[in-house]
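Supplied in structure tokens, the structure appears directly below.
We just call them A, B, C, D and E in the order they show up, numbering each chain from 1.
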Amino acid sequence: EDAVTIAFQTGVDPSKVAQADGDYEKATGKKINWRKFESGAEVIAAVASGDVPIGNIGSSPLAAAASRGLPIQTFLVTGVIGESEALVVRNGSGINKPADLVGKKIAVPYVSTTHYSLLAALKHWKVDAGKVNILNLRPSEIAAAWQRGDIDGAYVWEPALGKVKASGKVLTSSAEVSKWGAPTYDLWIVRQDFAQKNPDFLKQFVKVTGGVFDRYNKDPKGFASNPANVEKIARLTGSKPEEVTALLPGNVYPSLKEQSALLQKPFVKAVSDTSVFLKSQGKVDSLQADYSSYVTNQFINAALR
Amino acid sequence: MSQQEHVLPVPTAPAARQRTWGIRPLAPWQWSSLSIGSLLLLWWALSASGLVPALFLPSPAAVLTKLQSLVVQGYMEATLQQHLLASLQRMLLALLAAVGIGVPLGILIGVFPLLRHWLDPIIEFYRPLPPLAYLPLIVIWFGIGEVSKVLLIFLAILAPVLIATTHGVASVHSIRQQAALSLGASRGQLLRHVILPGALPDILTGIRIGLGAGWSTLVAAELIAATRGLGFMIQSAAQFLGTDIVVLGIIAIALVAFVLELGLRRLQRVLTPWHGKAL
Amino acid sequence: MSLLQVDKLTVHYPGQPLPALQQVSLGLSPDELLVALGPSGCGKSTLLNVLAGFIAPTHGTVQFDGKPVSGPGAERAVVFQNDGLLPWLDVAGNVAFGLKLQGVPAAQRAAIVADTLQQVGLADAGGKRVWELSGGMRQRVGIARALASQSRVLLMDEPFGALDAFTREQMQQLLLNVWQRSQRGVFLITHDIEEALFLATSLVLMSPGPGRIVQYLRPTFSQRFLAGESVRAIKSDPEFITLREELLASLTRTQHEEAA
Amino acid sequence: MSQQEHVLPVPTAPAARQRTWGIRPLAPWQWSSLSIGSLLLLWWALSASGLVPALFLPSPAAVLTKLQSLVVQGYMEATLQQHLLASLQRMLLALLAAVGIGVPLGILIGVFPLLRHWLDPIIEFYRPLPPLAYLPLIVIWFGIGEVSKVLLIFLAILAPVLIATTHGVASVHSIRQQAALSLGASRGQLLRHVILPGALPDILTGIRIGLGAGWSTLVAAELIAATRGLGFMIQSAAQFLGTDIVVLGIIAIALVAFVLELGLRRLQRVLTPWHGKAL
Amino acid sequence: MSLLQVDKLTVHYPGQPLPALQQVSLGLSPDELLVALGPSGCGKSTLLNVLAGFIAPTHGTVQFDGKPVSGPGAERAVVFQNDGLLPWLDVAGNVAFGLKLQGVPAAQRAAIVADTLQQVGLADAGGKRVWELSGGMRQRVGIARALASQSRVLLMDEPFGALDAFTREQMQQLLLNVWQRSQRGVFLITHDIEEALFLATSLVLMSPGPGRIVQYLRPTFSQRFLAGESVRAIKSDPEFITLREELLASLTRTQHEEAA
């Protein structure tokens, strides 16, 4: 049969090594066209167009897509976002505690997981989001605006995160926000029609990913400092090799066993929480009664069997 | 429209009845309405047929409903009117700057070869650059305020205006320049009284093209820390698959741009009635 | 002394086999009405373009008032073979154009324009757009524009070519009157022998291939007209007729030679 | 350049020596090199002075080093040459389509008022739309293949070409059209032999403007699942603040665009030497 | 029977106080050389534009060969007062243009072009660009273009206005020969009374304000020329001179009236 097109993003995670090695092709026996995308919204558009059955997005775009009833399912998590995304405030901005954020300019790429995390953190701190000047900037512009001193803080990911950390301090990170009940994820979605017709493909796909995660979790430092791994990840994502080593430990990569449990109630709850949050922000018009049909551990379980 | 209506076979002669190709049972505006109507019909048919999922092409009815909420409650903390106003301000400011700088500069470039050779590489360097590519540099140099946004739109309008003006200067019949010079026109007077009006038809067309380019840079410009603006609204909504808002934003842009375009065309007809006349 | 003077003028358009003008020397004094006559393509317009400063000589010099001509200027008004009117101005605006450039106040300008338009028979046409004019009307607007200007020399390239006999005669007489009153030097190109003889105080006959002056005359008919003699009388004067026939023969001869 | 060199005060007359304003001690290309040189100098000075941090404006030396690695090893699985080739192919395809469709359509619109009234709203509707706004719709309808990318660039080039062509048609002296018609020109012949060549100067200028617009849409177009292309390269690097690669991409685009522009100008001079001649 | 016929033709340009033509009726038969003479602005070019099909009548009808004229066509070639040459073609290309449109094969085309250029005295100019021509040369290219076409009627608007006396006479004789040989109907506008008398088989005198026909003559001098009589003899024939003076008087009268 013909090739499968998969939309990936440039998030750094161990499975990129398998992707670079062609492990997915070997395991599934199919040719795979890997296509790089810049944002979750674009991946979703591509998935919706039918050209792309499988795509890699964050949990915010997933919630938006699910709330609008796109026929997709989350079948695999590629990372629980941790220290890799953080809210940094600039030295000299006068922000020492969350309450100081009021009236300050905080930049965040709208709709990204950091946007959700920022608002969740503010809610946790009981800071009125309406009183914080939240600006929409892409990471590269965040770095530039930071340099000029135009913004007082930013909730952003690497490598911009590293640049702003150099002259600022971390107020909180997604690892912490996750503990406050607003976890964010990187994950794989699949079109439902494709999932029904190709369970075996997905099973193999999950299996390969689980394999690399296990390899990573066994020895995170060793994996991240292995030049071969680093080179492969850098090549696929376009990041600089020296950054990859630092980026990898920023997220948590749950094993398939953990995911089998995660991709049930807990994940459904995270998606519906995010959706409720989006609704409250006026970003989506209506909510689904139940988000469980957008999440499945069927393929993980199949892989584990 | 009467001046430009009858290009063939009798373009100039404004005699009582003129020959046109084909019959015209309908008035121009009727034709145009028909065309817009058919567009709307197509939209309705596409979304009603279910060929395109509502997620990507919401039905006219859904968009209308959304329009109401946008006008009343707004989106991203601003109503549609406020978004529109913010964008319109940026556009007009950029347009003003682009015309104010582009037309004189284009004329000077057209007239002074030296200046052309000097500026040419610079203009030709910036002209093809994708705004998305140099956005960080704009931010670093001009910050995240209005200046950066207007600058980006300005740059998009400037290039067509400049090129069209230079082209227009080259189109000014040399005999008209000679006539003015031998009536004692100074360089400045020549520019003011002969070259500028002679190039005017082209300049106005350049502005029309430039304005289109400016609008289509709006989203990129409003990527820079905007809190209001049609581009900002569209872009925010697009991220959340809010296609209804995207469609509304698109329609709003199209409408405003269309009104400006019609104004420019009228200006062109009023200011340059001689255009195309063989003299 | 010559007001406008060319010496050993040669003009060679690039890419052309022959020069358009070769070694032409000619002077125009302030009280002179110099007419150039010659077959089509003999370089008359080229000569005028050099005098006007539109073309620089390939060789030779052009001087106005003793100073080298380096370009066009207000002291040398031109009537073009192709009118060269500005379509963004109406008829009155075109006629007033030179005055406006010189900073003549609006009221004075309007008076001059009205007067000049009257003289060329277009008193009612001041508000017309240029493209609403007939060929002859356009040519007269071009003439009016030059007359209204305050130049010291008029350079006219077949200014009456598109005019009917009656209007043409009127314009010729107008020109003579203006010339006499204003003491402007006039350089006029025509292909009409009778016109040339009637107007000229000096007449050069040019010949093509390459363009040069082959004959130089000093007719006196215009003075006679200005002294009050009637046009009919002058034009039926045997001297006039003889000269006309001689010139026609000359022209015919040079063109036959050329054809051979 | 000689034809357009001397716009004032003697634009037509190609006599042996011509009058120009000012002196010209240097040849045109020398002036241009000087201008480019000063740009480079400015770059070097800016980055050496430390006024702009290397993160946003890498030094020429750093970029040069990166160039070597880009040419030899590449970035994102393709060398600079391959990225360039991919983008160039898209551009040329889009240009071809835009000219092939825009010029005939523009001529027809200029000639048939009916067609104009019909198509006008549609053209004026799409023209100001920001590509970033309708990117998702393009993907939905045309997928993530080359079609979508080329389409986006095509749309950017089409608008200027269309408008300039229509403008050009209106600029064709009516007397020339009358001359052809009374020599028995059919409608087709009139279009082919009079209106097309008469509009050619404007059309070529429209293409020049359009090409610039096309290039600046490149990044947006290559946001769509590209695996190669200068826009894709720039975009990928920008995500990781790889400014050296961004700068290289920008320079590559500028260079290629400049070469195309020079070619078009030469074409314009060769094809339309009569432009601006008073006839 | 008339080949080209206008009946009760009125043309009123929008926005103008007076019609340019009022109630003009006129026919042109295939063996006729119809000349229109009249002062500047009397509507001659307007009439020609109607005959050519460039302007539709405000009132009245235009017919060619019994069928209403609905636009320009190959059967009615036009020589314009402003040449209307195509600058993207060289001289030969301009002359060949009509033939090319009609699909005449290249070789035959080249022969016709060479022949026609020869006849108008531009044998060497075939490769020149239009803007390299002098005014008179351009006008002759316009004439050659019309002559080379295979039209049944020639409509000529002051075709010899920019030509010197010698060339002009040559062109007049060429026209008469072409007219006789080809049996094309010719409608010619001129402001030169002598030319009108010499060429016309029918002559209309027009008057402005509004434009109308005030006199209709049927001179026979062209037939005499074609029968072999010399130009000099014809033009010095007292009958010719009388008619000329009469026409001049008529013209002068109408124009004086108008001025008053």
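Brief remarks follow.
Throughout what follows, a residue touches a chain if its C-beta (ideal position, glycine included) is under 8 Å from a C-beta of that chain, and two chains touch if they have at least 3 such contacts.
Chain labels with UniProt names: B, D = Taurine transport system permease protein; C, E = Taurine transport system ATP-binding protein.
Quick caveat: nothing in here was measured; it's all calculated off a predicted structure.
Path length between chain A and chain C in the touching-chain graph (shortest route): 2. Ranked by C-beta contact pairs, the top interface belongs to chains B-D. One simple way to say how far apart two chains are is to compare their mean CA positions; for chain C and chain E this gives 27 Å.
Look at where the CA atoms of chain A average out and do the same for chain E: the two points lie 83 Å apart. Each chain gets one centre point, the mean of its Cα atoms, and the points for chain B and chain D are 17 Å apart. Note on chain placement: the centre of chain A and the centre of chain D lie 38 Å apart, centres being C-alpha means. Of all residues in chain B, those that touch two or more other chains are 9-10, 12-13, 56, 136-137, 140, 173, 175-176, 178, 181, 235, 238, 277-278. Annotation for chain C: residues touching 2 or more other chains are 13, 53-54, 71-72, 82, 84. Residue positions 41, 45, 48, 140, 143-144, 147 of chain A are each in touch with at least two other chains.
In the complex of the two chains, the chain C residues touching chain B come out as 52-54, 71-78, 80, 82-88, 97-98, 100-102, 129-131, 145, 149, 151, 155. By the touch rule above, chain D contacts chain E in their complex via residues 12, 173, 175-176, 178-186, 189, 193-194, 197-198, 200, 272-274, 277, 279. The residues of chain A lying in touch with chain D in their complex are 5, 7, 10, 34-38, 41-42, 45-46, 48-52, 139-140, 143-144, 147, 159-160, 163, 235, 237-240, 243. Chain D makes touch with chain B in their complex at residues 1, 4-13, 20-22, 24, 28-29, 31-32, 34-36, 39, 52, 56-57, 110-114, 117-122, 124-137, 140-141, 156, 159-160, 163-164, 167, 169-178, 181, 187, 190, 201-202, 205-206, 208-209, 211-220, 231, 234-235, 238, 243, 246, 249-250, 253-254, 257-258, 261, 275-278. For chain C in complex with chain E, the touching residues are 13, 16, 37-41, 44-45, 81-82, 121, 132-137, 140, 157-158, 161-168, 191-193, 248, 251-252, 255, 259.
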